[in-house]
Amino acid sequence: MRCDGRSNDQLRQARIIPGYLKFPLGSALIETGNTTVICSACVEERVPPFLKGTGQGWISAEYGMIPGATPERNQREASRGKQSGRTMEIQRLIGRGLRAVVDLNALGERTIWVDCDVIQADGGTRTASITGAFVALAQALNRLRAEGVLPKLPVTDFVAAVSVGEVGSELMLDLCYEEDSRAEVDMNVVMTGSKKLVEVQATGEGGPFSREEFLQLLALAEKGIAELIQLQRSVLGPVGAEISANTWK
Amino acid sequence: MRCDGRSNDQLRQARIIPGYLKFPLGSALIETGNTTVICSACVEERVPPFLKGTGQGWISAEYGMIPGATPERNQREASRGKQSGRTMEIQRLIGRGLRAVVDLNALGERTIWVDCDVIQADGGTRTASITGAFVALAQALNRLRAEGVLPKLPVTDFVAAVSVGEVGSELMLDLCYEEDSRAEVDMNVVMTGSKKLVEVQATGEGGPFSREEFLQLLALAEKGIAELIQLQRSVLGPVGAEISANTWK
Amino acid sequence: MRCDGRSNDQLRQARIIPGYLKFPLGSALIETGNTTVICSACVEERVPPFLKGTGQGWISAEYGMIPGATPERNQREASRGKQSGRTMEIQRLIGRGLRAVVDLNALGERTIWVDCDVIQADGGTRTASITGAFVALAQALNRLRAEGVLPKLPVTDFVAAVSVGEVGSELMLDLCYEEDSRAEVDMNVVMTGSKKLVEVQATGEGGPFSREEFLQLLALAEKGIAELIQLQRSVLGPVGAEISANTWK
Amino acid sequence: MRCDGRSNDQLRQARIIPGYLKFPLGSALIETGNTTVICSACVEERVPPFLKGTGQGWISAEYGMIPGATPERNQREASRGKQSGRTMEIQRLIGRGLRAVVDLNALGERTIWVDCDVIQADGGTRTASITGAFVALAQALNRLRAEGVLPKLPVTDFVAAVSVGEVGSELMLDLCYEEDSRAEVDMNVVMTGSKKLVEVQATGEGGPFSREEFLQLLALAEKGIAELIQLQRSVLGPVGAEISANTWK
Amino acid sequence: MRCDGRSNDQLRQARIIPGYLKFPLGSALIETGNTTVICSACVEERVPPFLKGTGQGWISAEYGMIPGATPERNQREASRGKQSGRTMEIQRLIGRGLRAVVDLNALGERTIWVDCDVIQADGGTRTASITGAFVALAQALNRLRAEGVLPKLPVTDFVAAVSVGEVGSELMLDLCYEEDSRAEVDMNVVMTGSKKLVEVQATGEGGPFSREEFLQLLALAEKGIAELIQLQRSVLGPVGAEISANTWK
Amino acid sequence: MRCDGRSNDQLRQARIIPGYLKFPLGSALIETGNTTVICSACVEERVPPFLKGTGQGWISAEYGMIPGATPERNQREASRGKQSGRTMEIQRLIGRGLRAVVDLNALGERTIWVDCDVIQADGGTRTASITGAFVALAQALNRLRAEGVLPKLPVTDFVAAVSVGEVGSELMLDLCYEEDSRAEVDMNVVMTGSKKLVEVQATGEGGPFSREEFLQLLALAEKGIAELIQLQRSVLGPVGAEISANTWK
C-alpha cells in the first residue's frame, strides 16, 4: 500500500488556485498532496538574441525552491552563487513543455517569463510546476488579449505533467518523495489535452527496464494527466472552455 | 489620506499563520496588507568557525524574494549568480534582530537557520520578515525543548519590527510601497516586548531630517510594534505566554 | 534523402579508438560521422558526501566542447565562468547512463570520473559521449582489476546511446546537426546490451507527437544501439567478450 | 579610562590631507587615531539605467580594505570573488550619506564614483570613509565647476559621520576597534553641517537599549560630528567657506 | 641522458596536421612528443572596445586543457567556475606572440579568435600552442583573403616557440614534463622566422641563474625554433612559401 | 629627453618606508616616481595542500590596485567578481621572485602572505611591488626570528626588480606609464644582490627585437637593480647588513 493509502493508479489530491498573486499578469498556486508550487507569468517586450527580428516570441521558465520547502533545509541557490544542474534541467523542461502549446508567432516578439517557486516539496515538483504554470500562462495571455496587446489567445492546447514510476516492482502514478527515492524506474511525462506527448523522460538508474514496463507506465501517466487537465479546464473557466474549443478545431 | 484609507498612526491589517509549512522545525506566514512573507527555522548542529569551541550558538538569517512578488518581475538572484547588496543588508538586519532576544549560550553550539522568503512585496518586507521570523524561531526552539535537545526555552523577549516615515510632510506608520517610494525619511525600527530598542535605521536620502521628526517617528514605531508583538503573543499560544512571563522576571 | 545519402534507419559511419590517450586509466575516441568525442576515465579514492561510509562507489561524468568544435565558434565555458544548463543536463545524463551498468557496491568507495570532450560537433554529441565513455570506463575498470584494486570487473552490461527523430515527417536514426535542428520530435535513447532501456528522453518542441510515432522511433533506436554495442564489443576485445558473458548469466 | 586616555566625549586625533592622490579629480586621506582611509572621486559621463533621460546625476560609492589593514590579515575580496555583505552595506551607507548633500539635478546626467580604501583599520572605518569622502567629493565637484562642466557647486551642506556606543555601561564617542568589539550598543550617525540627521544606525546586538541611552548617544555623536565638519571646512579652504555660506542661505 | 634518449639540443619528434578540424576557418593539430594540442582560428566581425573606430584588428587567444590530458586528472575549469592564473598567463602569452607577426591594420576591424586546447600534456603545452596556433591562424587569414575579405595576407613573418631549461646542471632543449618539474631554470622563448625575439620568459625558482646560462639557453632555443619554423613552412605549402617571401622583403 | 628629465639609464627617485603599517608583521611603502605601493607580510601557520607534510614553507603573493590609483578610474576587481589575467600574472611573478631568495625549508611549514596594494600607478607597479615586498618580507621574517618562531633568518639574498624598454628606438631604464605605453620592447627583470637573474620577461608586442637589444636592456636593468638593492640594504639597517653578510658566505 502507498504511504497515503492511495491506489497505484490514483493521483494525489490536487488543487489549483488561479490568480494567487496580486501583481503578476498571471499566477497560480498548485498543490498536489504535500507539494506546493507558486507559478507566475510576466511579459517582457523583447526576445532572446536568436529571435530578434523574426517576429516570433518566446517563453522562458525559471524554477526555484525556498530553503524551508524540504525536511532537511535545502541551501539557497542565490547564496551559493549558482543554480544546480538539477534546477537548470527542470527549468529547461518547463520551458519546452509550455512552448509546445503556444503559437509563438501569434505571440509576437515578446517573452513570457514563467516562474515556478516551490514552497513545499514532497516529490513531483517539476511536473506540478508545469501543470500550474500552464494556468498562470493562460491567464497572462488572456490578460494580454483583453488589453489588446494580442489579437487572439495564442494557446493551441492544454498541457500538464505527472510522474510515474516503478517502486518495489509496483507501477505507480504520481510519486511522493518517499516513493520517488525508492523507485527503480522514474518517469516524467508531459502531455497535451489532445493526449499528444510533449516530453517523455524515463530513467532507470536503479536498473534498466523493459519496453513493456515503459508502456504500462506511459498508460498510467496518460490517465493522470487527463485528470489534471480536467482540473486546469475547470479552474480556468471561460478561458478553459475556449482552449478546449480551439483544440477541437 | 493614505492609499488604503488608514490613519497615519495605523498599522496595515496583519495576520500570522504559525506552522504554515509542513517540514521545517518552525515556520510562519505573515501578511501585512499586501506584503506576504514565508518564514521558516531549521537547526544545524554546528556553528560558524568563529564560535567553534565557545559553547555558544548562532542564528543565521537569509532573505529572498520570488520573481513574481513585485509588479515588475524582479530578477531571480540565483540565476544572476549573486545576492544584491540590498538582500545582504536585509538578512544581516534580520539576524541581528533575532539574536538580540535569544540566549545564545543556552542555545548551545548549534545554528538556527531562519529563512524569510517574500511571496508578495508591497513595502515593509524586511520588517515583516523580522516579525514573522520571530514566530517561526520561537516555534522551532520550543520544538527543540520538547525533544529534549534544549533544557529550557532560550528566548528572552519578543521582538518585532515596523517601518515609519515622513511622506509629503506627514509622519506615517507602516508604509506601503507607494508611500515608501515617495518618503523623504524612511526608518526601520526593531523593538522588544519590553519596549527596548534593538535596531534603529533612519535614512534621509530625500533630504536630512531633524531630531524632533526622528523622535516622533520613533514614537509611531513603538506604537505599531507593541500591536505586532500582541499579535505574536496571541498566535504563539502557551509559548507566547511563557515568553511574556520570562520577560517579567 | 538525408544529407549524407544514408537511409533513414542507417547509422552514420562510426569508429571507436580505445586507449586514445596516454595518461588516463581508460580512454577512447569516438567518431560518428563528423561528430568526434574524446572520452577518458580516471579513479579518485573517495566518494561524494552522500555516499561516505556506505561502501558504495560512484561514477561522475563531465562534458565539454572545445570552441572550435562547431561552425560558429562556441564560447569557452571556462572563460564565461559557468557551465550552461545544456552542459549540466548532458553530464547528468551521461552519469546516469553509465551507472546503470556498473555494480556500484562492487566498485567500492571510490569515484570514477568520466570526461567527454567534444572535439567536433555535428549532432548527437551526448549519445556519442555515452557510447564512447562506456569503452573508456570498461578499460579503466579492467585496469583496476588487473592492478588488484578490484576483485572482479563490476560491469553488468554494455550501454550505448543514439538519437532518433522525426524530420519533415520522416522518422530517422542518428541525426546529424542539420537534421536535428529541423526535427519536430527529437529523442535520445540509452539502452543496454540486453536491450533494456536506461534512459528515454523525447521532446516535441516543434509540436506534440503521438504514442505511435514514439514507438516507431524507439524501434529505430533499438536497431542503432544494437549496432553500436556490437562495435563496443569488438573494440574491447577480451574485456568485451567477458562483459557479453556476464550479461548472459 | 579609554585605551588611548581620551575622555568619553573626545574624538580621536583626526587629520585630513586633501588632494592626497595625484590622478583622481578629487581625493583625500583621512586619519582618525589608527584608522586610515584613502578617498577618491572620479566622474563618469553616464548614469545608472534608472536615471537615464531624467537629467539627474548620481553618486556611487565603493569601499574596500587592503589585506594588511588589520591585525589579522583580512582576505582580499577580489580573490574570494565577491564582496562581503558588510562591504556592500557600508558602500550603500556611504553613497546615501553623500547624496544627501548634493543637488543631483544640478550635477546633471553624470555619476561621481567615490572610492574609500581602508589602509589601516582600528574601528570607525565606515564613518571615517564618509567624512573623508566628502572632502574628495567637494574637491572633485569644484574641479568640474572650474573646468566649466558644472555652472555652480552642487553641494548643499557639509556631511560627516562618527560612531558612538555603550561600552561597559559607559557612553563613548568615536570607538576604536577594541571598544567597538566590546560595545553593548553600537551606533553610527551621519549628520550635516546644519546639524540635520542623514543616517542613524543603532544596533544593540549585545542586548536591547532604551530610548534614553539612544538620545544620549545621539548627543555625543552631534558633538563629534560638529568638530569633524570644522576640520573639513578648514582643509577645504575657500571651497569650505563657500559651502558654509551656501548653508546659511 | 634524457628520458626519451634525445641529446640535450634535440627537439622532440614534432608533427603538425593543418586543417585538422572540419568547421573552423583555420585549424591544426600539433604533436611534440607526448604533448598534443588542437588549435583553431575563427573570425568575429568586431573588436574589443579599446579598438573601436581605429580601423585596427585584434587577435585574442584562449587556452584550455581537457581533464584527461594529464596523468592525474586536472579539474575542469568550466566546472570550477574560473580559469586559473596559469591559464590566463598562457593565453595572454599566446595572444602577444601571434599579434607580433600580424599586421593588425591590414586585418581591419575584426578579431581572430585563436583557441588552443590541450588534449595531452607532457610539458611545453604553451610553446606547442603558439607553434600550432600560427599554422591555424595563417590558414584562417589565407581563407579570408581567398574569400575577398582581406586584400592581402596580413602575416609579416613566422612565429614559433619552444621551452629550454637547466635540469640537473644540464642545459636542455624542449623539456618534457618530467624534466620541467626538476628544472632549476625554466625558459620559454618565442621567436620569428627572421630570428627576432618576440617573448623571453625565464624563471629561476629553483635558484637564481647567471647571464651566461641565460645566453646559452637562448642559443638552444634559437636552434629549436628554427627547426619548428621549418616544419610550419612545409605544412603550410604555398602559404608558407609566400610568408617566407614576405619576410625577405 | 624623458618626461621627467632623467637620462636614459637613470632610475626614478625612489623611497622605501619600512614598517609603514601598524598591524602586519612586516610592511613597507615604496615610491618610485609617481608609483606608490603598500606592501605587507603576514604569517599563516599552514601551507598549500601540495606542501602538507613536507616540512617546507611557502610564500604567496597577492596584488591589487585601488580604483583611484590611475588617471582613469580602474574598476574594483572585488566588485567585478574576479581578478584580471594581468593581476594574476603579476601576483604569480611577485611570488616566484620572493621565493627565489628564501630558504623554504628553513621557513618550516608556514605560509608568508605578501600583499602589494598599488595606491598610485605610473608604470612599473609590478617591479616596485617586488622591490618593496622584499623589505616587508625581510622585516616579517626577522620578527619571527626575534619571537623565537624561526631559529635563523631564512633569507639567502636580496631581490629587487625594474623595468627597461625600448621607446622610440631609445633604450631606457625604469619606464613611467607614458613611456611604457609607447614602448616597442618592454622587459621586466628580477635580480638578486649577487647579480643573479631570477626572472626575465621580455615582450616585443610592438614588433620583434634582436638579441643585441635584449642584452643592452639587460645591462641597463642590472644597473638599476643594483641601486635599488642598495636602497633596500640601507632601509633594512642591521637586517640588511646581515643579509649582505649571508650572501658572501
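By written order: A, B, C, D, E and F. Residues from 1 in each chain.
To be clear about the criterion, a residue touches a chain if its C-beta (ideal position, glycine included) is under 8 Å from a C-beta of that chain, and two chains touch if they have at least 3 such contacts.
Just so we're clear, the structure is a prediction, and the values are computed from it rather than from any experiment.
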A correct list of chains touching both chain D and chain F reads none
Matching interface for B-D, options C-E, D-F or A-C, criterion over half of contact pairs identical, gives A-C
Most remote chain w.r.t. Chain D, using mean C-alpha positions, is C
By Cα centroid distance, the chain farthest from chain A is F
For the pair chain A and chain B, the C-alpha centroid-to-centroid distance in angstrom is 33
Per the C-alpha centroid definition, the whole-Å distance linking chain A and chain E comes out as 51
Per the C-alpha means, the centres of chain E and chain F lie apart by a whole-Å value of 28
Contacts with two or more other chains occur in chain B at residues 81-82
Contact graph of the chains (line, ring, star, complete, other): ring
Output ring sequence (origin chain A, second chain C) reads A, C, E, F, D, B
In their shared complex, chain E is touched by residues of chain C numbered 21-24, 27, 34, 38-40, 42, 44, 62, 64, 66-73, 76-79, 81-83, 87, 113, 115, 117, 119-120, 122
Per the touch rule above, chain A residues touching chain C in the complex are 82, 84-86, 88-89, 91-92, 96, 99-101, 157, 191-192, 194, 196-205, 207-211, 214-215, 218
